[in-house]
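Two complexes are shown next, each including chain A; its partner changes from chain B in the first to chain C in the second.
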Partner chain A sequence: MSSQKQDLHIFTDNSIIPHNQVKSEHLFNLITHVQGTSPTWLLNLLIENSLYGTCSINTDTNKQHRSNTSRSSVIFISFLNDFKFYASSLKKNGVEVQSNQSFKFIDLFTNLFDRVVPSNIESVSKLFDDLTQEIKNLSQDKPIIFIEGLEFLLLSTDISSIQCLSQLNKLHKLSSSVILSCQSDEELIDIATFNHPTHPQYKLHDFLVRILHRTNLNIALRPLETGKAKDITGTLSISKGCIPYESLDIAEKEYLYLVSKDQSAKLFFR
Partner chain B sequence: MASSTQSSNTIQTSSFQLIKHINSKLISQDNINKIYISFETFKEIPQYINIEAWSIPLIELIKKIVSLYDSNKKNLILIDSINYIPLNQLSKFISDLIINDSITIITTYHTSLPEFEIPYQNLSRYNLLSFISSSIIEILPNDEKSKTLKINKSCKDYRINFIHKRKSGRINSFKFEFINDEFLPFVESIENNNNNEDLLEGLTTFNLKTSSSAKVIKDNLELPYMEAQRLQESSGAIVYQFEKDDDYDEEDPYEDPF
Partner chain C sequence: MSFRKRGEIISNGGKNTLPNNRIPNAVPGRGSPITSSIPRRGNIPLIPNRGQGTQPIPGRTQVIPNKRNLDLNESFENLQIKENEELSFKFPKILKPSSLNSSMTISTGISDLDKILGHQGGIPLGSSLLIEENGSTDFSSILLKAFASQGIIHNRLNPQQSNTHLVVLTSNIQWGKDLPGVYRGSSRQIKKQAIRENEEKLSIQNLVNKPQIDKDLRIAWRYGLNDSNKREIQEANDEIYKDFNHQFDITSRLNPLVQNNEISYIPISNNFIQLYQQIVQVLESQKNKIIRLIIPSILNPSMYSPQLTQLTEILPFIHKLRSLTHKYPQLIIISSIPLDLYSKSSIIVKSMESLFDTVIQLEPFNQQMLQFLERAYKNEPNKISHGLLHIFKLNNQSDAGQMLITKNEYSFKNGRKKFEIEEWGIPVDDDATTAENDENKQTTKDIDF
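Up next is the complex of A and B:
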């Protein structure tokens, strides 16, 4: 897949989401963000790249030609947004997902607490068993699974980070790659004063560090350290995780990015 | 020898490469029954009996592992992360696994994970493991600067501290550097011991340096407290000589010149 035009490169072969080479590996990728650096634009971009191998960032026209056949199937699980939100933002990038067979959106935002009882760990386990079955029924092929806001489930129920991770493992096993987006605001992970296993700060800190020990790739979206700027929203850094990719090499890099009012993003080399 | 070896790592310096290195040495050895317990990874290791431990309750897991022991061979249990065993069950987990002398456990402990304090048991997981294990391999970043996680700083090369406790009680400690897939003995940087006088160069208009002849005299100079240390027999006598300027009131019963 030639991708010379795009500016965002995650791997040294200029690709963003690896395709066929890594089907045998169960990859785990983490996107961390803070308040003010929402990853929606990046998730849109990664969905587009997973489906079609294209990338509509830094291009003047957002109506790119889409081939009818998608590269791999994508399952998007969100605890923070509904389908409408992503359908419209993906449409802006020229990706039609309303009747797309390769794209499945699982909304765990709208009716989460109808399915999960916060004090009942079994209900969380059942939720993931149902998800596993749903994904198994959907595709023969190993899909790429996006999970947005899993920390919301962790913090709103009584499950521990270890229990949450073993639930996540159920989905991870079915997929070729999991892309998890998670908040990492300092206030949420500061354990200096709340060092107790039931405190949200402790739970999220523990959860994130455990995840960081199993990731292949880490992407961090951070605001500028020097303060707010009109022409830059933040920095996007790409770094290797603790477990290396076997078949590909990550191009560790840092970009500056700008998300404008119409939600279109631009990347700049740093 | 029944033993458990523990390697401790952080996010910056993962034990992945070290475990891979150990595996590459072990893979050809047929006289070892190898069992891999995975809590956080999915990749199966060839020639190992692979167990996905995250989906099994702890008691069943112990039973399952013990049932896989081969009494005619040495048994090696490799655990990808011991951080998934609750602290209050950790010592039981290890003692239940080491049932005889043929068993060795190699496990990784992630030191970057937070530990919470338990009021009745003021013992951290790391301390507990340090007491139990017969060898500890600490993985440290090779470059001091890479202690802060920055882009382009993921450590490929790292330093290890290898501590081995012998049965006699003697502890051996070694340091190695892992550079380009090879372990080399680590030599402490001597930069800090260099002559600090170079730092004074150009800072002042007068001379702060010590000449070599002055240094010899300085080294041979006997300081007063050296003399005091030889006063063993008098065992700490306070010698006070009353001088004319000292204001001593003979009528005051509480004032004692000695």
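Up next is the complex of A and C:
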């Protein structure tokens, strides 16, 4: 009896980021994570899949033949890490991004607060204006945009959740799909005690709820409730967003995953 | 199994197994910790516990790179090796390569803390550590001070060339006055040391008395107990990393005291932007040194004005510090935060944690628990721990996606000569169990079978 191979499938046709469909229909994906389940490995995987259509997880060596040409361009915007961090971790998956024309990294980590004054909302909108201009200049066709650590901007500046969303909208329009990763620890979104619109907790909570009403696809990374385990890092759950994705069906499922010491990831069916 | 003729010369079997010039490339992707200042022994070991070469990792697609990529990869790796070689040449003896990645690590001054960080060295250069502490105790300052002392000791290894600079963010310019000195050992150890030194001197008597171990311990040899090769590796390792870390005695003081050219104090102002600029100034002026930036009790209201505790003030500052650790790869930041003032469940602590590379928490035991421990360890008072140590994030590993939150697994104990961290286990209280047994007994007499 043959059993289904344990592998990551986001859509029912066993694809992760469907190439052709993404061209015609916009995909908006939110990845939420908490302390202890950093999404770096998953982002790397999604970058690889967006670029080449392959996936370096649970696969045997030499089974996949990666073409040298990438299928769509990827722009990665990070508020929390620099290019070196992603370049080296992607290299571990065999993805060379140093000289890759299809991969562009926009570093909003290194000199963020030279460009942004926390109390000045104008400076934040200017940052996004520059960003849209940069993206327009970078790629001809609509790229897949990854955004990491946007919640940090929300917490550390006076920008409101609605303003942040409208800025995000600008990027949304330029892209073929947006993959947003966001930290959502309980402490960051606690509105039981902090329920005034100026409270950072309220801001982030509001932002996340509004985003959740606009996504097609949600992925959540959570640690095991029982705490640390040697063979399991946490759970990865895939669920549909509020806006249906019409081209393909999303395979709602929960996986267990393990990121081992050599930073390679493995998925298991639950 | 292979057989050889008696007369056959075994190739490379002798002492010079490895040529001397192989050291720089001993482990691919890593620099060599060994520098010219160390006398070359016949057989300098490879760094232990590491595989050689790049073998394919199972469970991962191996992509055959085209030639152009290969060249690029090589140059990328060479660059890393070069960087590390430069570093270990610039700072001999005080750096250890990490066992997890290609970074170099440096000791925190507490050997048990170094172990917990998981690199088989210490804390990686270009990273940050946050120590959170509950209660009114001040164990975290012991860690900060050991960290500072370690830097000063490293700095004084070579009087001609200083290699470390301390930067302390505090208004208290006396902070450096009470840094702990190096632990010299108990009086018995000091005596033993003197004897050993005497024995090592070359004299006729010592030569005559030299025991011939190899001939007498055949069985030990059989089981590899007397493996001279292994011992040599160990010895050479000890020799290379002799000055990697030291043990500090909190009752003693650094002698001579910290000089003004070894430490910079940056007083806390009402403005983080100004503070940041001052830090950058010091970093620029001390570019060729390892910088240990120490921030004692960050956001403590006795030093920081209330407006600085706003998220829009503190988060940009920490974010800038984080980016500094990337810009200046020789910078290490260590900071402590009192959890009684900023609760663990508050947004300020949580969001700060996401910006630090490593986060640990010290939770001292309450009075009741301490009394219980005192009762349980009545006869072994040196076994009493002082609190629990929780780990929330570890450098490189947490950011890569590993889940490393370990609560209640380690305990710490602060002694005069050492800050110890060990695995935590609740002791059995003998009194409680015997009392319980007494109650359960049905007869007053013990029946002896």
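Definition applied: the second predicted complex is superposed on the first by the 258 of 270 C-alpha atoms of A that agree within 3 Å, B and C clash if a C-alpha of one lies under 4 Å from a C-alpha of the other, contacts with A are read in each partner's own complex, and residues count from 1 in each chain.
One rule holds in what follows: a contact is a pair of C-beta atoms (placed from the backbone, for glycine too) under 8 Å apart; a residue touches a chain by one contact, two chains touch by 3 or more.
Here the structure is a predicted model, which means the values were calculated and not measured.
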| item | value |
| --- | --- |
| Joint occupancy of chain A by chain B and chain C, clash or fit | fit |
| First, second, both or neither for A:123, with chain B first and chain C second | neither |
| Touched partner set for A:14, first chain B, second chain C, both or neither | neither |
| Partner chain in contact with A:132 - chain B first, chain C second, else both or neither | neither |
| Touch count on chain A, higher of chain B and chain C | C |
| Touched partner set for A:70, first chain B, second chain C, both or neither | neither |
| Angle at chain A between chain B and chain C, C-alpha centres, nearest 10 degrees | 120 |
| Superposed arrangement (fit on chain A Cα atoms) - minimum chain B/chain C Cα distance in Å | 17 |
| Complex contact set, residues of chain C against chain A | 56-63, 65-66, 68-69, 72-73, 76, 100, 311-313, 315-316, 319-320, 322-323, 326-327, 345-347, 349-351, 353-355, 392-393, 397-407 |
| Of all residues in chain A, those that touch chain B in their complex | 25-26, 162, 165-166, 169, 172-173, 191, 195-197, 202, 205-206, 209-210, 212-214, 237-240, 242-244, 252-254 |
| Interfacial residue positions of chain B with respect to chain A in the complex | 11, 14, 16, 40-43, 54-55, 81, 83-84, 110, 112-114, 116-117, 149, 151-152, 154 |
| In the complex, chain A residues that touch chain C | 35-42, 54-56, 58-64, 66, 68, 80-82, 84-85, 89, 91, 93-96, 98-99, 109-113, 118-119, 152, 155-158, 183, 185-188, 190, 194, 200-201, 223-224, 227-228, 233-234, 259-266 |
